[in-house]
Amino acid sequence: MSRNSRRRRHSYDRFRRRTKPGASPGTIVPDPCAAPPVIEVIAYGPEEWFERQIQSLDELPALLATYPVVWVNVNGLGDAATIEKLGTMFQLHRLALEDVVNVHQRAKVELYGDHLFIVVRTIENQSPICTEQIGMFLGRKFVITFQERPGDDWNPVRERLRQKRGRIRNAGPDYLAYALIDAVIDSYFPVLDILGEQVEQLDEELTQNPRQPVVGRVHEIRQSLHVLRRAIWPHRDALAALTREHHDLISDETRTYLRDCQDHTIQIIDLVENDRDLCSDLRDFYLSAVSNRMNEIMKVLTIITTLLMPLSLIASIYGMNFNTKISPWNMPELEWRYGYPATLGAMVVITLVMVYFFYRRGWFRK
Amino acid sequence: MSRNSRRRRHSYDRFRRRTKPGASPGTIVPDPCAAPPVIEVIAYGPEEWFERQIQSLDELPALLATYPVVWVNVNGLGDAATIEKLGTMFQLHRLALEDVVNVHQRAKVELYGDHLFIVVRTIENQSPICTEQIGMFLGRKFVITFQERPGDDWNPVRERLRQKRGRIRNAGPDYLAYALIDAVIDSYFPVLDILGEQVEQLDEELTQNPRQPVVGRVHEIRQSLHVLRRAIWPHRDALAALTREHHDLISDETRTYLRDCQDHTIQIIDLVENDRDLCSDLRDFYLSAVSNRMNEIMKVLTIITTLLMPLSLIASIYGMNFNTKISPWNMPELEWRYGYPATLGAMVVITLVMVYFFYRRGWFRK
Amino acid sequence: MSRNSRRRRHSYDRFRRRTKPGASPGTIVPDPCAAPPVIEVIAYGPEEWFERQIQSLDELPALLATYPVVWVNVNGLGDAATIEKLGTMFQLHRLALEDVVNVHQRAKVELYGDHLFIVVRTIENQSPICTEQIGMFLGRKFVITFQERPGDDWNPVRERLRQKRGRIRNAGPDYLAYALIDAVIDSYFPVLDILGEQVEQLDEELTQNPRQPVVGRVHEIRQSLHVLRRAIWPHRDALAALTREHHDLISDETRTYLRDCQDHTIQIIDLVENDRDLCSDLRDFYLSAVSNRMNEIMKVLTIITTLLMPLSLIASIYGMNFNTKISPWNMPELEWRYGYPATLGAMVVITLVMVYFFYRRGWFRK
Amino acid sequence: MSRNSRRRRHSYDRFRRRTKPGASPGTIVPDPCAAPPVIEVIAYGPEEWFERQIQSLDELPALLATYPVVWVNVNGLGDAATIEKLGTMFQLHRLALEDVVNVHQRAKVELYGDHLFIVVRTIENQSPICTEQIGMFLGRKFVITFQERPGDDWNPVRERLRQKRGRIRNAGPDYLAYALIDAVIDSYFPVLDILGEQVEQLDEELTQNPRQPVVGRVHEIRQSLHVLRRAIWPHRDALAALTREHHDLISDETRTYLRDCQDHTIQIIDLVENDRDLCSDLRDFYLSAVSNRMNEIMKVLTIITTLLMPLSLIASIYGMNFNTKISPWNMPELEWRYGYPATLGAMVVITLVMVYFFYRRGWFRK
Amino acid sequence: MSRNSRRRRHSYDRFRRRTKPGASPGTIVPDPCAAPPVIEVIAYGPEEWFERQIQSLDELPALLATYPVVWVNVNGLGDAATIEKLGTMFQLHRLALEDVVNVHQRAKVELYGDHLFIVVRTIENQSPICTEQIGMFLGRKFVITFQERPGDDWNPVRERLRQKRGRIRNAGPDYLAYALIDAVIDSYFPVLDILGEQVEQLDEELTQNPRQPVVGRVHEIRQSLHVLRRAIWPHRDALAALTREHHDLISDETRTYLRDCQDHTIQIIDLVENDRDLCSDLRDFYLSAVSNRMNEIMKVLTIITTLLMPLSLIASIYGMNFNTKISPWNMPELEWRYGYPATLGAMVVITLVMVYFFYRRGWFRK
């Protein structure tokens, strides 16, 4: 893995807050590398329809007056002026606008006067896994969404809007906000599918051959799950806040749908925790297998060494050059008629005794 | 274990959500491989009785009008049209119907207008362990159950209905729902019995001979317990919701029975957690035993090597071919009268000193 | 430990629910091996006294009419008819009766109409540790207790009743129930004393000589603590339910005593958790000691091998049989005047260099 | 550490409840080894002052009538009669009196009628660390304290009383109780200072030389922290009960001070948990260092063995005694002119190849 | 790392409470080494402005009467008299003043009559990481801050005040307190950035070469995270207390800002926990890699030993000096025509068999 891609991976974890400590709250300091904003507007009612990329924000008031629901989608956070102007036009709170450009927020819901500020994080189905912050304002007549980059999971929602599928065209901005959040949450499922399959494959490989150097891969999957986990957990509380607290911005009907969406969040958390547990189990299993294997290797080494060293010693002894002619005490065995066969015989006996000893200790059992 | 069976095992963990992210909520996309539905109906009152497999849903309204309680059991989720028609007929909520065919839900209870949607998961007593989702709608006059496959744990309930055993024929659909849930929960017990016996057997084997390669088996049991745990935990909250919240769909009498059922759930959770703890203990115990054993093997290796290497060195030294005739400095020992016995004696002394040294360090103690 | 005794140990963990999944709730299926019931009755008032083993349940109504408090103690759960008859006579709930014979309940308190059903588990001070379920019904005028086997911790309570010691004879059945529960809870203390002493002894042995194969004993103590822990934890909630909820079956005075009893439960839980922690610490300590020791052994092996192998190589080289007569290049050292002493000197120098090297690396330090 | 001192250490953990299971509640069975009680009385008002060790309890009623606040301090729990008499005189609840002599209570607060029973545990700044139970009764006009042994942390409080420092002489018994509890809690700080310094020193030693056998010392510190932790945790709940619940025995003013005391408790808990974490980290660090070191030792062993064994084999081969005269096939190398230098050269080449191989595998890198 | 710097590091962990156990509460005992106080005053209103370092506290009453908001910043806690005088002048509670000089408090908020006492801890961006306590009193017209040392994170706040940036000059002391707390909290971010980068770099190094002795560095980072964690956690509760409880000292507007500040705290906690998890994962990964590597080294050792020992034995045997002339039984092989080639051949065959055996066991696979 190149240095670059690793840097990339942790872009979510290792942000740099651009607002200096002690700066005035609500200061909007966009990332200098952020893309300039592209503004797409969809405005609709049960029968009305307007969809266009607009150049100037001044077109918005007319749209707000004409259409029941206006959805302003801002791709790219590179221009503070645009964001500030939107803030003034829709009376958005400055603290929320500051959070829009600091793209490292946890998912959350905050009520500011007559609008809700919602942060969700979408997951990008690529390797290494990274997340993108989506800021969303929900008012009585509008939904404003801010994305870091173009490219999102919302094309099916746009299609439903265009084709009047389901109840989306007849419902208010709260239902639109739900549909957008739901699409974001559901985008976690395919990523989890892939990770889950990787875990399963590792498990299979380990069970069949625990010698594979799988530790590195387990480590990488755990890292991805780590990123996922940090991203998804706060959604639980955020959605609970949306479904339980009684803002009149959200109708009871939509609440039922948000409850379903929260149920999906809990399923995702459950899957992530599950995969984390499986990873831990795999690592433990692997370490046990390595211990086991080391034990086996040590046994082979010890058996071989213990069997052959005494024999070598005997052979070395009879390789000494003491002068047998000088005295009868000097290695008389060398002059015996059956000295050699007796020595070999002694070696065989020693070997058998040792083998028996090892057998008794169970070293030949697996 | 073949690749196939392993795939099978995780069928619950590794589902694929067929509904695309961003799709309209309440879209019913059945699994293309799911079996076509077979619909069994049991309708009854204290004295009335009707039991038949029906071909057309159109027979249902008449039954609903005639019998106090109608139980519609749908085996197989392969046909969206049938499910939608049932949904329209009984005014079931679309989000609930979507969950019926997405067979990876956690156990839950949801109140939609005048009916309850209940999800429970039944366990299948086979290896590898897997779970099946059962969706259940409880209304004022009906219970509708959706199963993935034919074959269930409900034959004893059907028998009780047929033979008017207990209070089941006199009670309403809430009691029927309780009886069905109770049968599902109780089906966990035999599975846990088998797993528990396996754990106990492993414990026994380990205590008697900690050399067995039991790690793999512990790993497998842990996996099964993992599946069980994920399946059973949510029932606790679901049943708590049923017993505590005051829907008027459930009578106080039935609540008492559901409380008993919840008690069983807590017992099952307790058993699962218990077995998980035992598995962890077993693995730790095993690893300690392996460490212990490695230590013992290392001691044997070190003792043998340390005892024999110096002796070998001495023997090798007197096996050198320095020319003793050239000078009196060259290995005069070879020409000594008692050179050989002295050498052997030195070897014995060295050995004894080393043995004493090892004894002092306690290496001969266990 | 024989196979039998191990089986025994887990009798609490590995029960078999005799009620089939799907059976009618409240079905009383006694264990076919259970002993036939022996029924002891104590009936008393401040002055009245009756104590006898009765043969027929028909004597009970008369006693109930005569004495303020009647305590029916049933030893042995082998006869469904007796239990059912008692149930009818005292209007006990069928679900509670079912739990009486399924002797694997966790401690709990359940309110059924005008009586309380209480389950507690007593510990048996034997090895291996096992637990026994005690079912208890508390009504306005009676206490009924069901035990699996004869032999209990209640003789001191009976003695206090007989001798009018304390306030027990003047109080109602709630105080009797408290006294019985208190005796059961207090029976955990001596067992914990013994386990605690074993833990302490192990600690002492380990500190003085970490070579003992203590792992097995730690494992056994942990198993016992495991059984204790599972048994005692639910009492906490059960007693909290008794002290906090306001049944009028229990007087405020008795509540004060139950609070004291709950305090004992918390002390027991504290002790159990404490001992479990100590066991974990012991195991960790042991593993560290083994690692340490292995390190030491490896050092000895490596020092010996590294010191002696080069010397052996030198000796082997001069043991080669190259013909020194053919050329002056072939091992001229063998013909040198001081060849042998020079070789021995080289060996000593090599040894000293190596010893210095090891010394520098700190291998001779502990 | 001698057997005795270890016994001592766990005196808190391993008590023996003297009250038999099933005994009448409120039975006062003092420890037969406990010291006979010495009773010190301090009675005071804003201007009044009385301080003496009294011989007979009969002096107390007069003091109670004369002085606004009476503090009775009982050192030694060896005499049941004295305790019972105090109980009768001040109408103390029997269950509380029983707890006074069973010196293994967790810190707690219990309200009995018109007095509070408070248990705190003081720590003794000695090695091994042990704790002492202090029972305290707080009534409208009195504070009664029971200590196991003479010698306490209260001399500064007595001094403040004598010298009228602070508001203590003007306040009621509730402020006295606070001052006593505060002194007990603050006595934990110096002990924690010492333990903390030991942990830090161990850390320093480990960082500089991870070879020290520090495991034993970490184990000992953990044991001490264990005792501290068990002792201090329950104070948190006890003090919370004192500050939050509205007994009229404690004035709002005193509550503010108790809140400060509770804050100290939380600081102590924080420090204990912190030190426990540091100990775990140290152990993990040590184990990693040992693993590391073992790895290094194994590398040395393997390099030496692998380098020298092939050379030894070659030397041994040319030490064989095959008769070169019989056939030209028998070891002709021995008769070559450059046989010996060629052999030595081969050895050098083999060594270099192996060194290169090890270098490539990175075995010479640290 | 020098002994000194390590001492320094734990200055926060290992304080010494100067107040003796049992001392009167509210005793102000400053650290004898603490710097003498330097008092800076900023007093302002929408248009008014006063900023000066004052010499005498007697100037304060005039300022309080003239300016809407007075901020007194005390650098250095070395003079008890100054602190006491401030306490009297602003009617600050003695317990709070005691906490001001005991610079080891956890972050907290306490309400005393008509002022709030707030403790926060600022982090110092140096190595080793340490923290500094800041005590803050918030009254209706004033903010008083106590710092241990000169040098703080508040210059941007002062600049905003001077330049009338944002709403700070028009708001009350509650907004000033918020701005100061916010600056303190935000000072954690850069420190976390640096630590996070270190973790990431370690991860990268480990993935590319798991042989680095990174354990020591992981240990050091964990220590820093430990200090950070202890410091930041209590801020969460403290800020929750500020935002939720309804003191009228804090306006609803300011509460919204404090909520934002609390959100930052949660982000910091999230980052710290995240980095701790990553550190644990790194250590586990490292240990697995070491295990792996040890296994590999053991395999090399065992293969070499097992291959060469039998060959050595054979060579040694034929190096024995049995007299072949005495009997045909004594090593007739030495006299065979093809004895030597046959022996070499046997060695090759043995080697091949062993290599095959190792290959089958998979020892040549990675």
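Should a chain be cited, it is by its letter among A, B, C, D and E, assigned in written order, with residues numbered from 1 in that chain.
Criterion: a contact is a pair of C-beta atoms (placed from the backbone, for glycine too) under 8 Å apart; a residue touches a chain by one contact, two chains touch by 3 or more.
None of these values were measured; they are calculated from a predicted model.
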Other chains in touch with both chain A and chain E: none
Intercentroid distance (Cα basis), chain E paired with chain D, Å: 25
Distance between chain centroids, defined by C-alpha means - chain C, chain E (Å): 40
Sequence positions of chain D contacting 2 or more other chains: 291, 294, 298, 301, 305, 309, 312, 316, 319-321, 331
Arrangement of touching chains [line / ring / star / complete / other]: ring
Ring of chains, enumerated from chain B in the sense that reaches chain C first: B, C, D, E, A
Chain E-facing residues of chain D, complex: 153-157, 160, 165-166, 168, 179, 182-183, 186-187, 189-190, 193, 196-197, 200, 203-204, 207, 256-257, 259-260, 263, 266-267, 270-271, 274, 277-278, 281, 284-285, 288-289, 291-292, 294-295, 298-299, 301-302, 305-306, 309-310, 312-313, 316-317, 319-323, 326-327, 329-331, 362-363, 365-366
In the complex with chain C, residue positions of chain D that touch it: 1, 3, 6, 10, 13-14, 16-17, 19-26, 93, 95, 104-106, 108, 110, 112, 209, 211-213, 215-216, 219, 222-223, 226, 230, 283, 286-287, 290-291, 293-294, 297-298, 300-301, 304-305, 308-309, 311-312, 315-316, 318-321, 324, 331, 333-341, 343-344
